[in-house]
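Structures are listed in the sections that come next.
The two complexes that follow have subunit A in common; it is paired with subunit B in the first and with subunit C in the second.
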Partner chain A sequence: MELNDLVPRRGEWLRGTGSDSDIVMSSRIRLARNLAQFPFLNRADDSVRSEIERTLRRHLNELSLGGPRSYLDVSHLERLDRQFLVERQLISRELSESHGSRGVCFTEGENISLMVNEEDHLRIQVLHSGFDLDSCWQQINRIDDLLEERVTYAFSEELGYLTACPTNVGTGIRVSVLLHLPALVMTGEVKKVFQALQKINLAVRGLYGEGTQAMGDFYQISNQITLGKSEEKLIRSLKDVIPNIILYERKVRSALVKDNRAELHDKISRAYGLLRSAQSISSQETMDLLSSVRMGVNLGFIDDLSIPTVNELFIHTQPAHLQKLRKTTLDSADRNAARAGYLRHRLSPPAQGDKN
Partner chain B sequence: MKCDRCPKVATLHVTEIEKGQTQELHLCEECAQKYMVTASPEPVSSANPAGMSESELEELERLVCPHCKLTFREFRSQGRLGCPQCYTAFRDELVPLLENIHGDTQHVGKFPRRAPVDSRKRYELVRLRNELQAAVAEESYEQAAKLRDQIQSLEHESADAGEA
Partner chain C sequence: MELNDLVPRRGEWLRGTGSDSDIVMSSRIRLARNLAQFPFLNRADDSVRSEIERTLRRHLNELSLGGPRSYLDVSHLERLDRQFLVERQLISRELSESHGSRGVCFTEGENISLMVNEEDHLRIQVLHSGFDLDSCWQQINRIDDLLEERVTYAFSEELGYLTACPTNVGTGIRVSVLLHLPALVMTGEVKKVFQALQKINLAVRGLYGEGTQAMGDFYQISNQITLGKSEEKLIRSLKDVIPNIILYERKVRSALVKDNRAELHDKISRAYGLLRSAQSISSQETMDLLSSVRMGVNLGFIDDLSIPTVNELFIHTQPAHLQKLRKTTLDSADRNAARAGYLRHRLSPPAQGDKN
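Showing the complex of A and B:
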């Protein structure tokens, strides 16, 4: 599978299925691992980096991942292609923007990805659509076991899996759930949720993880602590709290429908109208409007559009995707025009918008 | 957007919540790493990462990992360790940091299958005892009884192995 084969595909986390998928976009678990015989990356010179990359690539290519996989040498990819992989959540911004030997191995369904030479030697990630952390853990734990039969991880009895940054040491696990919370954002209630989460040591981040601002009312909730609690316990802490946030978002949506129906319907219809007719539109504005539209579909105000299509539009209107779809590089102004054109084509007339 | 602490471009955006007050912080990669290590709410100058005296800084400079030669001062400024052995070399300095970040200093999660049987058992005992404590605290006595039995059988196993 070539990188360009991914362009028209939807990818696992945009499937829009699974438990509570009106609010939970995706569930994700990642594990940070390092090989015992090598220094961490900030003390690894070019030749050591290459050796780590070669070693891991060989093992990853032989690993049973339950289907075909691709390995991409990220150091040889164009900037646009790297950005494209970031937008699809197959690699992190850190891997995209760093230097030297590095790579990513991912499965055809795009739900398993293994990054080589990111902050740690290896970052394993499993992603599922909807609220499904148990499947993520089952799958990632198996992959980790299989790898562990082949390599010796840096591990201590006291501190667990040793990582380059002490914030990941112990289990090396980051359990996260991507939520779409437009009603809580609209009413300002979301602040209360974040404060409550902070108190129980859960972190809130934007769509593309660490350091990104929230776009399109998407928030990632994840564990902060990695040491002193078992993986199951850390997963449990998210599994316990997420249903409350889902319930809260649903309650606020119902209250909005009940008390401000006309206003809400107007906001959603205007958002839909803008997306169907704009001649130039930024990525940020698209995300914000799509967020209203997504809620409108879930609440039944819009009936000629499906959630998987809306999910797909979120990703296809990102800068790198737009350029890959157009098969050309575009500056910001041209991108805004191309984005508006793409949205008009997909959304109006309605019958064309929802063929799939 | 400019970094709040130096002239570079901010790439990390932090929302800090303290005593119910939220505060937005926009930091460049370098300042963000310092921020994460020191978690200091005050702006710090790059020459003196944690507001330390000259002699304290020299002290950090002298702390070196024998394996990868990273100094503790370098770790303080970069936020990244140099090799797995750094955890042993800087143990005394890292323990308070880990307590601060995780509220704990003992791993209780997955254990590599290839680890020696002995250490796995010892580790399993630590884990079970922790769970027992938690179960008692939560008044889940049924669970606690189950854990107690598991602990006892594991202790017997170890004792038997010791005699043999």
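Showing the complex of A and C:
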């Protein structure tokens, strides 16, 4: 599969299926691993980096991942293609922006991705639509075992898996859930949620991970601690707390529908109207309006649009996706016009783009 | 014709025809007249007011106005009906809100209206769509002559027509032109126009006359002086200056289209989108958005809507019209919802309401 084949596809986290998918976009687990025979990347020169990349590429291409996979040499990709993979959550911003030999292996369904020479030699990621950390863990644990049959990980009996950054030492695991919380944001209640999460050592980040701003009312909740607790316990802490946030968001949505139905309907309807009519629109405004529309579909205020289509629009209107769809590079003003044109086309009544 | 028969009708100033009707909504002349045999209204008791009303009603009903006319006893109209007539420009806010015997006589086409016991015993008004002060003058002069054959006006050889307020003494004429100036407002250039008009003693008012706020980028330009100059000279001063304002607005529109086409298109298109999708909308926001849409139709950015329809929407979305159309009284929140519903219905694609 070529990178360009991905463009029209939907990918795992846009499927909009799975448990609680009105609020939980996706569940994700990643493991940080390093090969014992090589130094960490911050002490590896170019030739060592290349050797790591060659070694891991060979293993990844032979690994049983339950279906076809692609391996992309990220160091030879254009900036636009790298940005495209970031927007699709197949690689991190760090892998996109670093230098030297590096790559990514991912499955056709886009729910498994393995990054080579990101911060660690290997980052394994498994993602599922909806609230489904168990499937993620089952799958990633199996991949990790299969790899361990082939390579020797840097591992200490005392500390666990050794990683480039001390914050990942131990299990090397990050468990995260991407939530859509428009009602909690609208009412300001989201602050309380974040304060409570902080107290139990869970981190809150924006759509594209560490350091990114929250857009479209999307928030990633993940563990901060990787040492001293088993993977199962860390997953359990997320599995315990997320249902409470889901319940809270649902409660606030119900209260809004009950007490502010007219205002809420107006806000949602205007958002939909603007997305269908703007001639120029920024990525940020698009995300914010789509967020209202997504809640509107879930609450039944909008009935000619499906959640997978809305999910897809979130991604297709990102800068790199837009340029890949248009098959050309565009400056910011042209992107805003192209984005508005794409949205009008997809959302024009009768909803032409809404085949799903 | 009953008052309720007016509701679905368009009336003269909404026709959207006539010279320069992209910018000039309507031209209007009114004459202030008093009957010599009665005191001015500020010195008339209830019985005198009633006698004036009876006298003028009889004459007006017999007057040749070139077609059928109606006479309404304003003192017996509900507040909502009076407000409705104000919104249609058939009576003034003053006539609506004052007390005692008073009435209005108007023709079926709504271009002639004669108010009895407003500030003066009689106010004659002739209105034409577009820039056409000559037709107004020709028609109002004839009506004035016909009336003078029947009654004796309060008149002084030295001063001219005598009126309740000294500002109207002399000719008793007010010549006004209602302009739609969205581009001048958008660019802030409108201030320069107003300063220039002030210097030549022309007044600038909002849509509903003296003391009303400018809404929807509508401005009424009219003479302030009525004494010492002939009617023809006063009309001439408007006829000289208005074409310059029209030219200025057109020039600024062209510059916007040339230099800010994308932004302008976006603004117009979003306004149209909001009008088609809002679930609750105030009168003020409606006017502002319709103003953008009206310019959009004139500039060819919107091609599925006609100017008469847009003109009509300006009036039909006013509070009293909305309630007459819904055949019920509504509080402010319900009006905002009803207004949004009406706009969605009239503007929903394919433009169902756009038969003209």
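One rule holds for everything that comes next: the second predicted complex is superposed on the first by the 354 of 356 C-alpha atoms of A that agree within 3 Å, B and C clash if a C-alpha of one lies under 4 Å from a C-alpha of the other, contacts with A are read in each partner's own complex, and residues count from 1 in each chain.
In the analysis below, a contact is a pair of C-beta atoms (placed from the backbone, for glycine too) under 8 Å apart; a residue touches a chain by one contact, two chains touch by 3 or more.
Keep in mind the model is a prediction, meaning the values are calculated, not measured.
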{"item": "Partner chain in contact with A:A278 - subunit B first, subunit C second, else both or neither", "value": "second"}
{"item": "First (subunit B), second (subunit C), both or neither touched by A:D266", "value": "second"}
{"item": "Touched partner set for A:S70, first subunit B, second subunit C, both or neither", "value": "neither"}
{"item": "In the superposition, subunit B vs subunit C on subunit A residues touched", "value": "B"}
{"item": "Which superposed partner A:N141 touches (first subunit B, second subunit C, both, neither)", "value": "first"}
{"item": "Interface residues, subunit B side, partner subunit A - complex", "value": "11-15, 17, 20, 22, 32, 36, 67-70, 78-84, 86-88, 94, 97-98, 101-115, 119, 122-123, 127"}
{"item": "Subunit A residues touching subunit B - in the complex, by the definition given at the top", "value": "34, 36, 38-43, 119, 141, 144-145, 148-149, 152-162, 164-167, 169-171, 173, 191, 194-195, 198, 201, 204, 206, 210-213, 224-231"}
{"item": "Residue numbers on subunit C that touch subunit A, as the complex places them", "value": "262-263, 265-266, 269-270, 272-274, 276-280, 333, 337, 340, 349"}
